[in-house]
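In the part that follows, the structures are each spelled out as structure tokens.
Both complexes shown next keep chain A, but they swap its partner, so chain B is in the first and chain C is in the second.
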Partner chain A sequence: MDTIDIKKNLTLPRRSLLKGMAAAGTVLAAPGIIGRAVAQSGDVIKLGAPFHRTGIGAAYGRWYERTALAAVKLINEQGGINGLPVELIIEDDGTDPKRGVEAVEKFSAEHKVDAIFGHLFSHVSAASAPRAGELKMPYFLCSEAHSLAAGAFNRYVFQPSISDVKSQVSSMAPWITDNLGKKVTMIYPDYAFGYDHRDNLTAAIKAQGGEIVGDIAIPPTETSYTRYLPRIPFNTEVIYHVLVGPGVLTFVKELGEHLGSQRPEIFGFIDSLEAVSFDIPQLAYLDGTHFWEAMPRYAQPNQTSFDKLYREKVGVDANGASVDDAKSVATFSHMFSVWETLFAMKKAMEMADYKGPKQKIAMLEAMESITGFEESNEFPQGRKIFNGKMHQSFAQQNISKVVDGKLKVVHTVSPEDTLYPDEADYTKMSF
Partner chain B sequence: MSIHNKKLFLLCLATLAGLFVLQFLLSDYLVLAFTRILILAVFAMGYNVLMGYTGLVSLGHAMFFGAGVYGAGLSSYYLGVSLPVAFLAGILAAIALSFLIGLLALRTQTVSFMIVTLMFSQAAFLLILYFSEFTGGDQGLTLPTSARSFSLFGLEVDMTSDVARYNLALTVFGVVLLGLFAFTQGPVGRLLIAVRENEDRTRMLGFDTYAIKLLAFTVSGGISGVAGALYGLMFGYIGSAFAEFKISIEALLFTLVGGPGTLLGPLVGTGLMTLLIDRLSGLTTAYLIVIGALLVAVTLWFPTGILGTLRDRWLPWLK
Partner chain C sequence: MDIVPYLLLATLEGLVQASVLMLTALGLSLVFGVMRVVNVSHGEFFMLGAVAAWVCANLIPGPPYVPFIAALLIAPVFVGALAWAADWAILKRINYNPEATIVSTIGLMYIIQQMTLITFGPDAQAVDAPFYYTVRFPWFGYSGYKFFIIAVAIVLVGGLLYLLRHSKVGLYMRATQFDKETAQNFGIPVTKVYSGVFAVGAMLAAIGGVLVVPSQQAHYLMGHDPLLLSFVVVIVGGLGSIPGTIAAAILIGMSDGLLSVFFSPTLAKIFSTLLVALVLVFRPQGLFGKAGR
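Right after this comes the complex of A and B.
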């Protein structure tokens, strides 16, 4: 029969099979041999970067990688750290908690890096941070998770650049109630990221004398939003939305169809539209609405020389898109954290005269002693207050308005106004 | 007590001895990697009881892995029980869930069975998200420092120690391997294979095939729960990602590559696939394409997996 003939033809000879298996085994075992042969030389500072190259965070990962490469290039051009060149080793974590932990272990045990940085998605960092602590590996987050500031992690974990969600939301609320309205309807994803926004916004709006009149949680599997929109109360003055993923464009279109021209004010988090161009027809309805931005995507009239240099080095134009491809929009409001985190690590290493793992504790203590960062080429997003007890930075926040398909900054919150009472003291933990 | 299939028994013992020695030969990273591989191999071995020996392809085993993760993790997180107790809680949760789901899902067959198990698994995943205030949802929960060590029969075990972790994983793997040897290579194993090969004939011979399948389903789910509980406690983190659909697919792939219906196949498949993904992901972001191509090749040239092919051609006792 034909099928049997085909099977025979496709069957590998036994010798080839054994050879193939032996070769594969050698390749897979290679790191075990190499791992022992190449000891840490101490003449280079190795930094491990577990980026979201694939998975749901891939758009962020691509730009995080690009930003990190640019920052490391600049650091090395400036003479490295304490005279040692910086080597960047990148691994894909698949935006997956399980693989995130694997990457941390690989950096620690195989690459023997000096520190790890660059995790963004909170479920990946929640799984990886405890393991980093156990491996006594300095671990720098470029995330917005509140878990670190809330005391859920350990002494090896820092977030020296981007603010956490609690700080962002609570510092936005006074402007929202003063300028847009006091009766707010929240629309958010029905999982932890959304709950962070729900809980913090509810508390912050109430503190301002406002009221949450609508609370609409949308399940992550949803692709159409029409059945949720009638739940927006008629007395809503502000719609607060923070949705992520490809459904956002559908959401905006259906929101426009539902509300028409008589819409309330709309305030959103740029997380929804990172890496998405604003001047597309599907988003026309957002013209005149407001967004939170950590760092303004569009170069503003008062653009600093720091912002200019940062864009130039990373290869981003004045519209927040790649200089090579105007359609490739950056995750501009988050990726600066990679740049700044690298320079924060550099600063701590210089303070501790870091040459290798022997000065690791001194470097971590130096990091804890830092009280802030001035706006500079190293910190182009702006001035920061660093809380060494909570291991968390507090940075300025921007509120931008969509005008003619671009975001124009209309208000900036100072770092002092983003603070909240200490929730943790990692300095009391042992190393 | 007579031992059926002595050659396989000796191979199992040799494998365990080899795995024990491995920790002294491999680099630090590979010891860590093999710790994970051993735990995931337990999961695949559990899956293999159902898919390989009984011939039932489930697409929902993530829920049993997840039951182990959450049963153990939540009892440790909220009740503060010691790790051995939490571990048992995880296993019991998985056994109870698999028995209940088995009662319902086994009323269906073939494609319907796959879809029903998938639906139950998705429902379990969404329940974890729905009760996120309790489960931590997608963000998960980090287990407290107090849950990183335990004392058993006077023996202090530190879960942050690489040596302790590897040997703990190896011990659990060894117990499951030898347990499954007894389960699959004796009369019960022959009944499972009888159901796989011809269920109608088995029923005609007077056996209650529904009960046999329910036993296989429960054992399979329970062992998946063993792996889940160990994974959650070993890494000190529980999250909904461990109950996602792709976890079910991983068990299926590991078993397919290693050899369904062979006792050691899941270990080979898990080891090969895990190391391959680990190596390739460092070289290219398109590693899943390479994995996909490899799976197509395995399906074409080794439809019974690596150990299955060896069994069919040269080593008939390898089952």
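Right after this comes the complex of A and C.
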């Protein structure tokens, strides 16, 4: 083989290297320059939306984006906020805490947005929320982690729509022990969101006289689950599962193979099967099991006009799938939080006559003074109680049963029954 | 659960793990053995196999086994062609220089990953298994398809070993591995052997990807773990030693199965990392490798 001089091949002449770097620099800087030239604060309300376009939260990100675009379109059709049009700037955070923080910084320094909303995965929001506070940037979560209500964040962080895990879990535990069984095995993701489930369910089941007989934490990037399943004790009456990430369908499938027909009762969080169709052969064995749903994926017989309008605007059919593609199933039980959060921000901005960052504090104080939201086109998931001290909403919860490959709501918990004593008072923090 | 069913499940899981590992690690080992190229993009070839299986499942109609069999044929050919092209366009240009090949295969890894993200999308996609059959043991059920994975891996590895030992192509490969220059003097087309070996290595990874996808899901980031484990196997078994790679794949696969069922998957990862460290300290050429040739 002829020998090739490596050095000759790998060394660029200095001049062309410098030229290339200069050209690349200009191209990289261009979006920033153009971005600043177009919109100025005061003409428009700019909202930064960090979504999980890639990484393990991608399915959620896609639908969060679709929902946010539909809500912003509706808001602008109705005259914007305080007469100003709303502009959405979307960044991909890769479902990665580090990139989540970078997105917050970029929104603040480069795009100079009025507020940020949309983070879902708790490891990303746990990293981003403190940074938003440091940058004095209003930051609205569309997540479920208990950290905010527990007082772990700061005065700039709110969760005005979806309820937190603690209120979900503790309000449904009595139904689980009354109807399914008292010996529970938990299977949950091995990070903050999963620990919220573990801690709160353990307490709630004990309070009902039940017992946690098994406790299985699974790393969020796991792709194979069979090896964890022998840890389900034989005396288990109820398997409680909540998993997120690329492998969840595999989990449910392997659970089915492993347990066969002699299965205990199964109660799952719909998170395990968001964006996944129910009528596929691998999931047939889930028939008769139960799921938590924040907002029912399948249109129920008593569907409200609000639910109908919301589905129509986002482009989702009565089965919770995209109207253009029945195979593309929505993350229906979570994505409403983006829609509702936008309308909650609108309400606070209107209360403070928000025109730009000068009214930022007034807007945040307005948000803290809100006591709840009525079920409406703006809040299609249902009525909410908002706790201004904890910055957290409390909403109704649904328990659905899988019947013939569809989810049918069998029990609903009212917002009042999801309340728990205050754990934080952000209004005592300075801005 | 009693100890017996526990042990049975752990063994089965270990065997499945070992089978897939054997295929992917053999590809990596072959490429290193013959070409002295550390192929960091090997995991992406694995991922491309899985993604190709998904594409086949979506484009080819018929019962699930039809697109699956098609994928078993198409995916390796496609990935092999891609690897051949990568060898021609990149590795040959840098004269298979060890440092340069590492950097360029890292680049190749990112290119393949991002191209997959752009075309295939970020979601994990499920692919139907060619058949559904649950083997019912008295204590638990186990996917029949996973037994199929084990069988296919044994057949393929057997075939590859036969090819290496008893065919002219195998002779060429062994001669090139043993002494490149002498082989060239004897008229062996070393450059072609290199391209071929790189393609075959990638094809083995692709087959691994196709086999795995019905029991996992296709995802653009799925190449990472198989790459890491393949490296572990190749280092433990001895760089470039085929029997060593097979033995180490079974050792690592089984220990991973047993440890992760009895204790935790994290402990299994700690064990394999520790094994690599110990092998590197006490037997740097690997358990089966020959020292300083």
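Methods note: the second predicted complex is superposed on the first by the 386 of 431 C-alpha atoms of A that agree within 3 Å, B and C clash if a C-alpha of one lies under 4 Å from a C-alpha of the other, contacts with A are read in each partner's own complex, and residues count from 1 in each chain.
By our rule, a contact is a pair of C-beta atoms (placed from the backbone, for glycine too) under 8 Å apart; a residue touches a chain by one contact, two chains touch by 3 or more.
Because the structure is predicted, anything quoted here is derived from the model rather than measured.
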Inquiry  = Quick one: is A:79 in contact with chain B, with chain C, with both, or with neither? Answer first, second, both or neither.
reply    = neither
Request  = Based on the superposed arrangement, let me know which partner A:96 touches: chain B (first), chain C (second), both, or neither?
outcome  = first
Task = Kindly classify A:254 by the partners it touches after superposition: chain B alone (first), chain C alone (second), both, or neither?
result = second
Message = If we overlay the two complexes on their shared chain A, which of chain B and chain C does A:130 touch? Say first, second, both or neither.
response = first
Request  = Would you check which partner chain A:226 touches, where first means chain B only, second means chain C only, and both and neither mean what they say?
outcome  = second
Query = If you count the residues of chain A that each partner touches, which comes out higher, chain B or chain C?
reply = B
Ask   = Which holds for A:282: it touches chain B only (first), chain C only (second), both, or neither?
value = second
Inquiry  = For A:53, using the defined touch cut-off, is the partner it touches chain B, chain C, both, or neither? Pick first, second, both or neither.
reply    = both
Inquiry  = Going by the contact definition given at the top, which residues of chain A touch chain B in one complex and chain C in the other?
reply    = 10, 53-54, 219
Ask   = If you look only at chain B, which of its residues touch chain A in the complex?
value = 25-33, 36, 126, 129-130, 132-133, 136-143, 148, 160, 235-237, 239-242, 272, 275-276, 278-279, 281-282, 285, 287-288, 300-301, 306, 313
Message = Quick check on the complex: what are the chain C residues that touch chain A?
response = 1, 5-6, 9-10, 13, 93-95, 97, 100, 117, 121-124, 126, 128, 132, 134, 136, 140-143, 180, 184, 190-191, 215-217, 219, 221-222, 225, 257, 260-261, 265-266
Touch list for chain A against partner chain B, complex = 10-12, 14, 21, 24, 27-29, 31-36, 53-54, 91-92, 94, 96-99, 101-102, 105-106, 109-110, 122-123, 126-127, 129-131, 134, 145, 147, 152-153, 190-193, 195, 219-221
List of chain A residues in touch with chain C within their complex = 1, 3-4, 6, 9-10, 53-55, 58-59, 61-62, 219, 222-224, 226-230, 234, 245-247, 249-250, 254, 257-260, 275, 280-282
